[in-house]
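Here come two complexes built around chain A, the first alongside chain B, the second alongside chain C.
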Partner chain A sequence: MDVRFEHVSLAYANKQTNILTDINFKIPAGQLTCLLGPSGCGKSTTLNLISGLLEPTKGQIFFGDKDVTRLDALERKVGMVFQSYALYPHMTVLENICFPLRMAKMAKAEMLKRATELAQLVHVDAELTKKPGELSGGQQQRVAIARALAKSPSILLLDEPLSNLDARLRVEMRDEIRRIQKETGVTTIFVTHDQDEAMHIADQIMILNNGTIQQFAAPNTIYAQPQNLFVAKFIGNPVINTIALNDHHRTDFVKLVPKDILAKATTLAIRAESIVPINSVDTLTHPFSGIQLETYQFGPEVTTQIAYHGVPITSNQFNTHTWVNNQHPIPFELHKNGYFLCDSNDNVIWPLKEPLVVTR
Partner chain B sequence: MNKRNLTKGLSYLILFLGALIMLIPFLWMVDTALKTAPETVQTPPTWFPKHWQFNNFVLAFKAAPFITYFINSIIVTFLTTLGQLVTTILAAFAFAKLNFFGKRPLFLICIGTMMIPGEILIIPNFVTLSHLHLINTYGALILPWLASVFSVFTLRQTFMSISDELYYAAKIDGSSDWNFLWNIMVPLSKSSIIAIVILQIIGSWNSFMWPLIVTNTDNLRTLPVGLSTFTSDAGTEFQLLMAASTIIIVPIIIVYILLQKHIIEGVSKAGLKA
Partner chain C sequence: MKNKKITLKSTLVAYMYLSPMLIFTLIFNFYPIIKSFALSFYTKYNFYTDQVSAIGLDNFKYIFADPDFKKATINTLIFVVGVVPIAVILAMILALLLYRIKFLASFLKTIYFLPFVTSTVAISLVWQWIYNDQYGLLNSFLGYFNIKPINWLNDPHWAMFALIIMTIWKSLGFNIILFLAGLSNIDKRYDRVAQIDGANTWQRLRFVTIPLLSPMTFLITVNSVISGFKVFDEIYILFGGNPGPGSSALTLVFYLYRAFYTESQYGIAAAAGVVLFLIILAVTLIQFWYSKKHVHYV
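Let's look at the complex of A and B:
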């Protein structure tokens, strides 16, 4: 079922500060959507508004065509997985999965059948008689997902479900959640602060900051066409280079960017992966050059710092072979879609928006 | 003997001495119960009776309607404990997990009443109950003890330590507050609840002053009040008093031993990660 917010705002009881300000969006049915943003951006709050654990101060929430704004969590029929999994510690795995069904007064035989099916789906069917305390973090997570799916929810909500797992398990569970979502086809909303996680798992990403939506699009669109500087900085690793433009920089871009846009631009953002070396020592024919400052190698990754008109920027496209005399400027070029110009309001004004077809 | 054995030996010695200090009054009680009347007041006191008087138990039991007292004690202890358990669980849940108008001031007032010594409440409680025409009824024995701020406070702390996410999870799973309380909160707080029950049973079983004041007929007296039979103007018959005390303390010891297992279980469970 799709989820729609219309002019939703939420303020604390004292009405002084808005946690969310006039949020509008439509999350499509049957897809996996990530709510992404730094701590305190309002992503968990948005999730709790969808779950019904919170009520908005203003605005309306729709599931499909149905206005659910005043309905509580139970009536909305959502399933939810919490950061701490929130399994009932005194119940076995089976009892945990059955709990929502028991609350719905389902017949016992049917309940056991459904619970067993779900346990198989999430691969915990061998652990049914164990208590949550005897399971590993990943298994607890699986049980939590099974419990959330037990009553065939209209929407599955996951609140930072992977942040309590170690790095390797996180990748494994990420793929598992993706698989379970695909197998069940349930509309899934996933909250995370980890952009890498969101980029890997989501069909759609909604980036939030300070209680407003920054951008809502497919992962590749968000990476290739960030709406503003915040999004550009938030997505991508290493973090995008940002440079306060001075006249030297502007001169470099004269041939690449129309004059009026260049005049409005105040900030330049360049992805580290689009700063590439040129195998030539002729700096004149290439607009960009800088002095190599330092190079670090971490396993297969090499990052190089270059002073570009005095501003240090990072590239990960220089391999150790491109070591040069670090007094002499080295030329580099920029990938066409790898740099952005922002105006004084931090909105991206270059490249101009062009429709981008993204397939996944 | 190496250092570790020495430390171990020392700690056992300290534990042994502690246990001895705890046990001596008990042993003295049993010891006195087996003495003759003159021997109980003899100086210097004797450690062991010269002539073992097992008959004291029979005499003590016959001296007053102890069966009635026993039944009364059981009724009063059972009902106060049960009633207090229900009010405690409900109030602790409200104070720990629900949001309602005036929650904080109400809680502070409740906590404030813990600073009032129990003795001060005897007269107002007595006056209230006499206005309600409840003096010399089971009502008088039970009613004032149906709520305990101390128990509410203790259980509230336990309830607050249970994560809010569990509460929200249960909400989403379709559980009402009521179901959540009895299906999740209470089982998870078993050890605290048992501790509260034990304290209440002991307190209720041993309570003396209040039953003495609000009852004036034999058929409503409880065991501790019944023990005053052995004290008269002519003095106290210590051997019979101690014999009776020994008898009435047995149920408490049994209850304690039975529930003690649960306490240990509760504590060891709480140690597992949840």
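Let's look at the complex of A and C:
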């Protein structure tokens, strides 16, 4: 079922400022959508508004064609998974999965059948008689997902479900959640502050900051065409290089960017992997030059710091053997993708792109 | 210094730190317990010169033949059965209600806690007045419902009932505080998850809150049972030094007290103490056995 927000705002009664301001979006049915943003950006608040645990101060929320603004979580039939799993510690895995079905007064045989199926889906069928305390974090999260799926929810909501897991398990569970979502086809909304996680798991990502949507698009679109500097900075590792333009920089770009755009531009943002050695493929055929500052190697990863007209920027496209001496002049080129010019409002004004279609 | 080797010296140092408390415990707790066990077997004994002339099982034979002891045992059991379930359940209900309200909650907590910090003597005196057959608050209240005045404290049929009501009331404060502490230890997320899982208020209480509260319920029950078996002060004050009209509120500890102080039958008193100890031990062990199945430690 798709989820639609129309002019939704939320403010707490005792505070003046809005937590969310005039939010409009449509989350498509049957897909996995990530709400991504730094802490305090409003992503968990948005999730709670979808779940019905919070009620908006203004605006309307639709599930499909149905206005659910005044309905609570139960009436909206959402399934929810929390960061802390929140499995009932006194019940076994089977009892945990069965609980929503028991509350829905399902017949016992049918209930056990469904719970077993779900346990198989999330791969915890060997742990049915154990208590949550005896399970690993990943297994607990699997059980929590099975429990949330038990009552065939209209929408599955996951609130930072991987944050309590260690790095390796997080990658494993990330793929598992994606697999489970694809197998069940349930509309899934996933909250995270980890851009890498969002990039890997989502069909589309909604980036929020300060209670407003910064961009809502497919992961690769967001990466390739960030709407503004915030999105460009938030997505990608290493963090995109940002350069406050000075006259030297502008001179370098005169031949590459129309005059009027260059005049408006105040910031240049370049992804580390778009700073490449001369004669690489798919580059702007225009040499730049800088001074090499430092080179670091972390396993297979090599990062080179370059002073570009006095501004230090980082590239990860040079190998260690290319330049060994510090303070050596280093020519480089820019990849066709992965550099952006922003105006004084931090909006990306170059490269020009198709006007963003706001899904409604 | 976790890696330090355990040596004779380090052990002695540890004992030295422990010794002040240990010595007090040994002298004032452990020694009297051993001594009273021994005392229960002294059949001929001079308390003042500490001369034991004969030992045997006569004290136990005597109390098991004594109708008063039988009565005291039955009364004590009635008292425990009358007080503990209601005291625990009522405290739990009140705690659940107090936990939900925000308005005046701390004021009400104080009110409920007051009986615990007030001396039993003062409470019993107030209740003596409440229970007074002519001027008492309770009878005058019942009068509104056309119930004839009951002679609470002098009618053998009502004395135990009066004692039970007062004890329940007195125990509420402390038990409520414990239950509130237990409730605040339960993660609120479980309630929220259960809500999303479709459990209504009553189901959340039954399937989530009460099971998760069970360790505290168990603690309070064991504590209430033990203090129920040891009831004495309330009776002594409420009935003016007597075990109620016609010994209707004679309990094991009162029996023990009477044997020791009034009748100077030290061996009998000690034997009654040993029996009481064994009863409490048995009941507590049963409770622990039961708790293994029904108490959920998280």
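Going forward, the second predicted complex is superposed on the first by the 338 of 360 C-alpha atoms of A that agree within 3 Å, B and C clash if a C-alpha of one lies under 4 Å from a C-alpha of the other, contacts with A are read in each partner's own complex, and residues count from 1 in each chain.
One rule holds in what follows: a contact is a pair of C-beta atoms (placed from the backbone, for glycine too) under 8 Å apart; a residue touches a chain by one contact, two chains touch by 3 or more.
Given the structure is predicted, the values throughout are model-derived calculations rather than measurements.
Aligning the shared chain A places chain B and chain C in steric conflict. When both complexes are overlaid on chain A, the residue A:Gly133 reaches chain B and chain C alike.
Once the two complexes are overlaid on the shared chain, A:Arg179 sits clear of chain B and of chain C alike. Of the two partner chains placed by superposition, A:His7 touches none, neither chain B nor chain C. In the superposition on chain A, A:Phe82 contacts both chain B and chain C. Set side by side, chain B and chain C differ in how many residues of chain A they touch, and the one touching more is B. Shared-chain residue A:Leu74: touches chain B and chain C both. By the document's definition of touching, both partners, chain B and chain C, reach A:Ala104.
By the touch criterion defined above, A:Leu53 reaches both chain B and chain C. Residues common to the contacts of chain A with chain B and with chain C across the two structures: 51, 53, 72-74, 78-80, 82, 84, 86, 88-90, 99-100, 103-104, 133, 147, 151. Across the complex, chain C is touched by residues 51, 53, 72-74, 78-80, 82, 84, 86, 88-90, 99-100, 103-104, 133, 147, 151 of chain A.
On the chain B side of its complex with chain A, the touching residues are 163, 165-166, 168-175, 179, 183-184, 187-188, 269, 272-274.
Taken together, the chain C residues at the contact with chain A in this complex read 187, 189-190, 192-199, 203, 207-208, 211-212, 214, 296, 298.
Within the complex formed with chain B, the chain A residues making contact are 51, 53, 72-74, 78-80, 82-84, 86-90, 99-100, 103-104, 131-133, 147-148, 150-151.
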